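Handing you a structure now.
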Amino acid sequence: MRPSKRQPDEMRAISFERGISKHAEGSCLVRFGDTHVLCTASLEEKVPGWLRNTGKGWVTAEYGMLPRSTGTRMRREASSGKQGGRTLEIQRLVGRSLRSVVDLQALGEVQITVDCDVVQADGGTRTAAITGGFIALHDCLSWMHARHMIKLDKVLKDYVAAISCGIYDGVPVMDLDYAEDSTAQTDANFVMTGKGGIVEIQGTAEGEPFTDEEFQALMGLARKGISRLIELQKMAVG
Amino acid sequence: MRPSKRQPDEMRAISFERGISKHAEGSCLVRFGDTHVLCTASLEEKVPGWLRNTGKGWVTAEYGMLPRSTGTRMRREASSGKQGGRTLEIQRLVGRSLRSVVDLQALGEVQITVDCDVVQADGGTRTAAITGGFIALHDCLSWMHARHMIKLDKVLKDYVAAISCGIYDGVPVMDLDYAEDSTAQTDANFVMTGKGGIVEIQGTAEGEPFTDEEFQALMGLARKGISRLIELQKMAVG
Amino acid sequence: MRPSKRQPDEMRAISFERGISKHAEGSCLVRFGDTHVLCTASLEEKVPGWLRNTGKGWVTAEYGMLPRSTGTRMRREASSGKQGGRTLEIQRLVGRSLRSVVDLQALGEVQITVDCDVVQADGGTRTAAITGGFIALHDCLSWMHARHMIKLDKVLKDYVAAISCGIYDGVPVMDLDYAEDSTAQTDANFVMTGKGGIVEIQGTAEGEPFTDEEFQALMGLARKGISRLIELQKMAVG
Amino acid sequence: MRPSKRQPDEMRAISFERGISKHAEGSCLVRFGDTHVLCTASLEEKVPGWLRNTGKGWVTAEYGMLPRSTGTRMRREASSGKQGGRTLEIQRLVGRSLRSVVDLQALGEVQITVDCDVVQADGGTRTAAITGGFIALHDCLSWMHARHMIKLDKVLKDYVAAISCGIYDGVPVMDLDYAEDSTAQTDANFVMTGKGGIVEIQGTAEGEPFTDEEFQALMGLARKGISRLIELQKMAVG
Amino acid sequence: MRPSKRQPDEMRAISFERGISKHAEGSCLVRFGDTHVLCTASLEEKVPGWLRNTGKGWVTAEYGMLPRSTGTRMRREASSGKQGGRTLEIQRLVGRSLRSVVDLQALGEVQITVDCDVVQADGGTRTAAITGGFIALHDCLSWMHARHMIKLDKVLKDYVAAISCGIYDGVPVMDLDYAEDSTAQTDANFVMTGKGGIVEIQGTAEGEPFTDEEFQALMGLARKGISRLIELQKMAVG
Amino acid sequence: MRPSKRQPDEMRAISFERGISKHAEGSCLVRFGDTHVLCTASLEEKVPGWLRNTGKGWVTAEYGMLPRSTGTRMRREASSGKQGGRTLEIQRLVGRSLRSVVDLQALGEVQITVDCDVVQADGGTRTAAITGGFIALHDCLSWMHARHMIKLDKVLKDYVAAISCGIYDGVPVMDLDYAEDSTAQTDANFVMTGKGGIVEIQGTAEGEPFTDEEFQALMGLARKGISRLIELQKMAVG
């Protein structure tokens, strides 16, 4: 039995609250149950040095957690003077995932930065960041489309969403919350597109190594979950 | 005429949304019009070194802005590797202001950290942080009171709130928004208590120096505004 | 009775020793009693990025304390790897104060950096830094005037000086030394110009909040003290 | 055809040169073709704070690249003042992988740090680091066993090795070198144990998303390759 | 002919101004011509970790230059976030030199930090720092002697001073000023004790390598100069 | 008797292993007994700012120690966030030494960075770095000569090598290993050219000051040792 009483293949309540920022070109407060991530997409003229004068654009992401988004207050990264390894790892993952559905050539020489700030954490912040970050990115591109800066359907090639799956108490389950995540034997994050392509797989044995069969079960759950997430994304922005 | 069409002595719409964090002992999303600051108060066992074994506690504050809380995206302080001078200045001010109404001896040897994170900025973030931070602090102390850790009325000596006033287009006005703040000749922040005591005054001439008369006018407006803010605080937590 | 036996409205002995640096365009060792601050004004061709090609110049300030300027040796900021919040706050204040009397357009596209290094501290280092920094700035502008780079009287619009006042043992007093500063209930710094304009007011209740009447008393003392400081500045550079 | 003329399921020449450090308790220079990583395992008495007085030990890893281990000289991380995101990500992976085969309780309250320094890079540095780091760790544990500090077979539960697989020019291939890695559509790293358990899977679509079938092909190759690597490890330390 | 018209073996005017700090246990403003270094010696109870509970003390030094001590303003090291290589090199040298004449066992478990801050630079700042730092150290030890904390003559074993010599325009000269230092072919710093022992020699060919004969000539000059400096130290503290 | 049973004027076994890097333009693994330093010379188009458009090039060096190159594991400098004083001091010395034999004008506007990474330390790492760094630099210049970018004999003016000498147990000895270095009373490093010119002398009394006679003895040994090292360099690259 899961702590939340959910079925093994049952996701938490998912919601997307769009347009929550007065300033950002695209924004979304995404909720996976008690995990809440504020995503904003900011359009900037300047691109990274290696893209200058190539006509190609860039999509990047940054990730942060508010100090008391967690059960125990964490030290503020701005105050400790650097971003930790986990932060850097997550923001690289979010950036790669979002870029996988963008045609950077069609975007033109601009940069979109998607900031994902966790205001409340209860497990699965990186998958929520990718799934909600997509909505913010979409809305930023719509904003540009409305101003004739791009053609939305040329730049945005597909939907992309992410979910975590894991072996909890011997059973493969979908969308782990913190209570499950902190005790799961195995934890895997999957990023997939609307057409079913795989963008990223990260599976980690927390204690004992896992088997092929277990991994295939997690992958099956992920496919099911992501397909549901993408339906919800379509309802949100459709 | 103010850009927002407000009267010179008219504050923006103020609201306090309490209990918005599942984890923090006290929390509040405070809104001064389009300025939104998320405040959490976190109780911790450890105190700063110089208070160890004194029986006295501490209240401190940290301040941050989400990168796209502003019109143009700012660099994330965690990524630039340090907190800027403005951030340090504001969090020192918020900490001093909140401590002015707490009996640190009666609090006992614990620390409360009030995190003020600006999710949307439209001028006056420091005054919103103090005013909303007070609510989060109050609720944290209530939480402790309910667990017989302290007596709320022994520890919390008074209310405290803050407002900015300035000379806009030659007229003294209350609670400047960004459009006013960025062009005001003079800008002053006032922090006062429920009993009318002054905790902090910070007045700055942005262009021309200001006169005694102008300053007295600002101070009068501030007294009026803060008294209204404290009424609203009382309604929120009373 | 003040620890120094001074009258409530009695300043410490003030002196300006000009031209103490062989290299700087303007320099001054200012003494407020046992508080000694070495001020140098350095002319540089480059301006901050946002002023490039605007024809406008800039005046900025930096502040530091020698490690043993204080009763107990402090850690060197260069060795701890960053400037603390107090340092940043003070140097921002000194810069704003000096800019308030300079016509940046008439200065032309150059930068003057006023370094204020405390060689011995006994309270009131920031007010000494502003008051002595003005002399260094004046002498740098004279140096430029003598070389036909500017017209001194077009660029320098007024005098500017600063003083701290506070409530010590229930009595409003002027120009607090360390013994007073460390126990004062209320501490306020005032920056004013030769024509009597107010540039900056910073008042802080260290313990109990203060009243309007107390604040007005401090402000009255400040006006008296600053007017005396500006007389001394005039004697020094006149 | 692969740039190196290897068959799709052909690994590069692998070698382990043990005992290459006079000082370290265990050490190994591992070569995967032209990728050379120097691994040392250092025994230390102190453990991280959260393990103090628990009787449990810790195994951790650090990773670095010499500035000219790559085709173009990279900036030295010690000089730029921080370890980049990629470095932190890799050393966290190496640490997790090595811990997966160690009984930390049986190790006792000591820490082993495995340093993996790339002296020459030609793709696959993280998989070489894990595979060679295991040898250094093994030899450190043997050193402790010889001194009756632990029982080797109680502490070291299994072998562990890693390999990268990818889709190069449409074909799934094993053990990518730099020429392949920099142009592969998909790149996945696998970490597995001697008993066939999966410790970590990291698959990333560099360009187009990949399919289930492609991923299964990579996983099949990885199983084959890792099983060969573990045979080589056994020959090295058996 | 030297730019300063001095004879090859002629030092600049040397002076020691003692007791210039109200707070420090020992202090000295040393002048080698236009090179002025403010030296303070601070007594602290705590010693570095590796000396704790050994009964032995420590003498260390820190070095800094005020930003406008030089012809062109330098960036403040506290603001750039780290001490440069030259600064670290000099403060290590000053510390070693002063320790060479102190019996750390007889000093007892305390630390003396000698801060050397260059207020005006004209070449030879490190030799002035050592020579003047000795006076500050001496006076700090006298202060301790007067309080029966140590026996001065047991702790301070000898005098120590330093001078730079170099080949300027083909001629070996003593005590180089900036005009000479910046064009000298060879530059050497010597640290010696009152009894004539050598503590440190640092010779560097700036352009062409130098010969044995040249080096011996510099060493002869140094011996002469240091012996004069030590006479002056004796007059100052004797 | 020396711990290694060597004669006072006997060097450790010296070897140069060239071409050990697939990527670097010049490279050499130098061994002074158990001290092993990996040196690579990297050619880069960009020069430091102050040389831009002067037609002159630059040679610089960087130095690092692998964390377990020493008896006890040291903290990785990349992880501690800065290079220590000793590291900066050594890399400045290596750079100066190598530049002393290069005609920077004839080199043309390029930069060569010589990285010296200590893979195993047993005393004398800086002298090994200079001596081996020369070989890497030579081979980089040969690489450029072969591509008609420079004339080797115009750019490289001489050989350069370095050795440490010290007073061990009262006897002047050559090429100290760690056992000697850590207990020697006096330690001096000498850098000289093939023609016998002196490039750098650094002598330090670790305990008691040393005498002229002792220093002359060390210098005599150094001359003998360096002359032997340069013979070995000639055999290596001749």
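Going by the order they are written in, the chains are A, B, C, D, E and F; count residues from 1 in each one.
Throughout what follows, a residue touches a chain if its C-beta (ideal position, glycine included) is under 8 Å from a C-beta of that chain, and two chains touch if they have at least 3 such contacts.
Keep in mind it's a predicted model, so treat the numbers as computed, not measured.
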Touch-network distance, subunit B to subunit E, counted in steps: 2
Size of the rotation, in steps of 5 degrees, that lays the CA trace of subunit D over subunit E: 120
Option in A-D, C-E or A-B whose residue-number contact pairs overlap E-F by over half: A-D
Centroid spacing, where centroids are CA-atom means, of subunit D and subunit F in whole angstrom: 33
For subunit A paired with subunit F, centre-to-centre distance based on mean C-alpha positions, whole Å: 51
Distance between the centres, which are taken as Cα means, of subunit F and subunit B, whole angstrom: 59
In subunit D, residues with contacts to at least two other chains: 81-82
Traversal of the chain ring from subunit B via subunit C: B, C, E, F, D, A
In the complex with subunit B, residue positions of subunit A that touch it: 21-24, 27, 34, 38, 40, 42, 44, 62, 64, 66-71, 73, 76-79, 81-83, 87, 113, 115, 117, 119-120, 122
Complex interface listing, subunit A residues touching subunit D: 82, 84-86, 88-89, 91-92, 96, 100, 188, 192-193, 195-205, 208-212, 215, 219
